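Before I ask anything, here is the structure I am working with.
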């Protein structure tokens, strides 16, 4: 019985790794694979289509938007520094080794909030630069920043630790479901496709996180469900997972842009060779 | 008094069948009739209209989507097998006859989740095949899979058994209501019509299920409201009812396709006869 | 002090009528006035515009829809009769004078549900008749029927009687708010205007109902907040208020149709007189 | 350590002003700056575009709408006066100095409700005047009035004072997030931009309010979380903050109109000078 398919994956049944961790890891991998694949597929599709340049706003409006984005990003950065390095702030310390507990997480909470506004400012600057990000991405970034801010206001009510983790997961899933429902009517909309991708990446990495929290692979009893700090930290951690998912998507989009530009360059030089 | 209309339906009043079961059964039948009728009416309407073929994507994109759907279906199937036949899994056993209780329902829970992703993969494959399913059906299938997954994360909070059953029913009803509200603005949209049909079929069969759970026709006291396993099982059962409703709709759609193709063939041969 | 404006409305301050009843009655009247005015204004506007007849579906489809609506209305009527006159049913009795309490309200609950499906069937028949109701009204009627059905499944949780009444009011208000928000984007849509009208009529009459329940004008202590039957009855009563609002709107629409047809007739005969 | 950036802002660390007040004030300022900037930017953008005048309804319909708005505003004003100056009303007293507690807040509650209907009436009058406000603003004002009314019906459930304040904040944030999500699809829609602006102003001033309530700058212990009157007052206060935000936006819009008209006048006279 020990030589089932689980053994094929390199895990010995006699190892202390609990099966519920393996289950969460496999579920997470399922979503991660699709998220990662889509984070390459959709930028490539968009770049190949050579986004139509006619609905570009005038240059004057663009300069104003870039300035606004810069100011927003600067303020958010100032906010992060202020929250962290205020006299009573945590000074980038998350876990106090002395008291074996989390430091006061409120400044971290607001640091996370400012982080997403920083992101929103950066997206606003980049989307009005000559790089021509798809229209609507700046508003999506703002909406994400607000949802993250709002979600944290109401998120500290969870009863049990497992339920709290699943509740966070459910918000990610429902965001993806809503997005897929919109895509029934609005097909081939890049912003929706990217949002769905980010929702899948979030689900994937959160399943892994749930595995580590509830049944660690090294066999411990899981995190302490009585410590309220764990609830607050995991809520914040959920936001960081989403920030990570967005970072992975941005990296993949940049990589696929390089690939497409390189391809075009090759084609261009080949054409030149043919013509000469 | 015993010779009222209930007697006409073949139930003797002296039988132990409780009237609340009959009530639920009649309500269920009301919805089932409309759901079944619509599951034949809308595919026929769509097939007669001979869906315009011009908004068909290019062949290359289609092949990629078919591949993606196949991979998704394969992964989902692997997930089902893994959840069921892992060493600690239930090996397709749902009710343990030894302990007279449900087996551990967590693997069944995730089996159900993978089942809907399997369905989503199959719909994605079929909707890019030459069969030309209506556009948007693949995204609807994905949205359903995500809603089923997300719903189960938050669904285990029900207080009383009757309330839990009604709460599940309400989600099906509200989904249908939302769909009907959208149809006020977007008329004659096949995907919406099919979703509304599935919601009616779900309501219909769930009324029957409620009858069996709360007041069995053979007169027992109904299921044990103290057993938490019943709550988890019925939540899962709700998803299975929906899967059943989708299966009935698919069967009816295939049957109406056969009917229309046969009709066209007859017309074709008749025309040939007339011309010769 | 007793000769304030309240005295002008014909209420003596020395009367036992509590001021909170007057407040609710005045608020209710505020909404009723606008609801009643709109229920005349919008049909007149629509009838004057002489709804464009080109987006009329073909006659065959219409006959099918009329048949479907008839069957739906017939089934709903049968359901009402079955719920009421089943051996264990209430036989149209709502309040048992013997036990001084409500009769079993479950059949009434389902009678109300069938009532709205009956309404939906009638709207479906009429909207495909030569009367040419605005498009989308049949789906709105279906959505209302489903919302009423779904709302009753989750509506029995209210804590205090006043809170329960306000919670019901809030659903009516939010429905109106959602409708007004949609009208920001979709202007001059008759179905939305009618839905907003019905929401105002509902609010208006519900404020009056709240006044009677919480502080009766004849000075009693209000209804018993400990009797659960009151909660169930008031939830149902809310649906009846809505049915009443719809009936008032239908009557006003018919009256304004008569007025417009009469006006046209007069104009027609005057034109004939002029021409002859 | 006391000479950190906080000192730069003019606050000495030795002062009793708690750091959590400073944090809330800074966060509030962040949102206020953007809200104020947008409340100037968007009206200017709209006025420069010289709103197209062709989708103006006919004069007759306009006169009816103006009348309706006037009646609505008059009724709302009458309602405010009635609530305040009824024999049992608060006669504009909010805090009773004798009992050191809030007066009965129910009339104030309904005064606030009528205030937003008054606003809705005024917007309806002005938006059909020759000033040509953007289309849809009248429906937005009605939706805001209804949301304020509905929100107060369900808003009195808060558990802890801090949680209640954050819950109110979250509704403002989610309204802004929803608006930003809509703007992904509907770009450059003035009504949405104004709504987003109002949401930012609300957040900004509410962060300041939270600072004063939870950790007053003069060092007191914050408001009494056991007094239910505080909850009711703060819910109402949230509506007043929103009314204030709308007032600021209206003032800025009027100012930017004056600026644009003055600019045009100057250009006009310059052109005349050039031509003569």
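Order of writing sets the chain letters: A, B, C and D. Residues in each chain are counted from 1.
Operating definition for what follows: contacts are C-beta pairs under 8 Å (C-beta built on N, C-alpha and C of every residue); 3 or more make two chains touch, one makes a residue touch a chain.
Each chain and its UniProt protein: A, B, C, D = Transmembrane protein 45B.
All of these numbers come straight from a predicted model, not from anything done at the bench.
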Neighbours of chain B that also touch chain A are none
Per mean C-alpha coordinates, the chain lying farthest from chain C is A
For the copies chain C and chain D, the interface residues, called same if over half of the numbers are used by both and different if under half, are different
Expressed in whole Å, how far the mean CA point of chain A lies from that of chain C is 46
When centres are defined as mean Cα positions, the distance from chain A to chain D in whole Å is 33
Contacting chain pairs, sorted by label, are A-B, A-D, B-C, C-D
Touching chain B in the complex, chain C uses residues 64, 68, 72, 75-76, 79, 81-83, 85-88, 106-107, 110, 117, 135-136, 139-140, 142-143, 146-147, 149-150, 153-154, 186, 191
Counting only contacts in the complex, chain D reaches chain A at residues 1-2, 4-6, 13, 19-20, 22-23, 26-27, 30, 33-34, 37, 41, 166-167, 169-170, 173-174, 176-178, 180-181, 183-185, 187
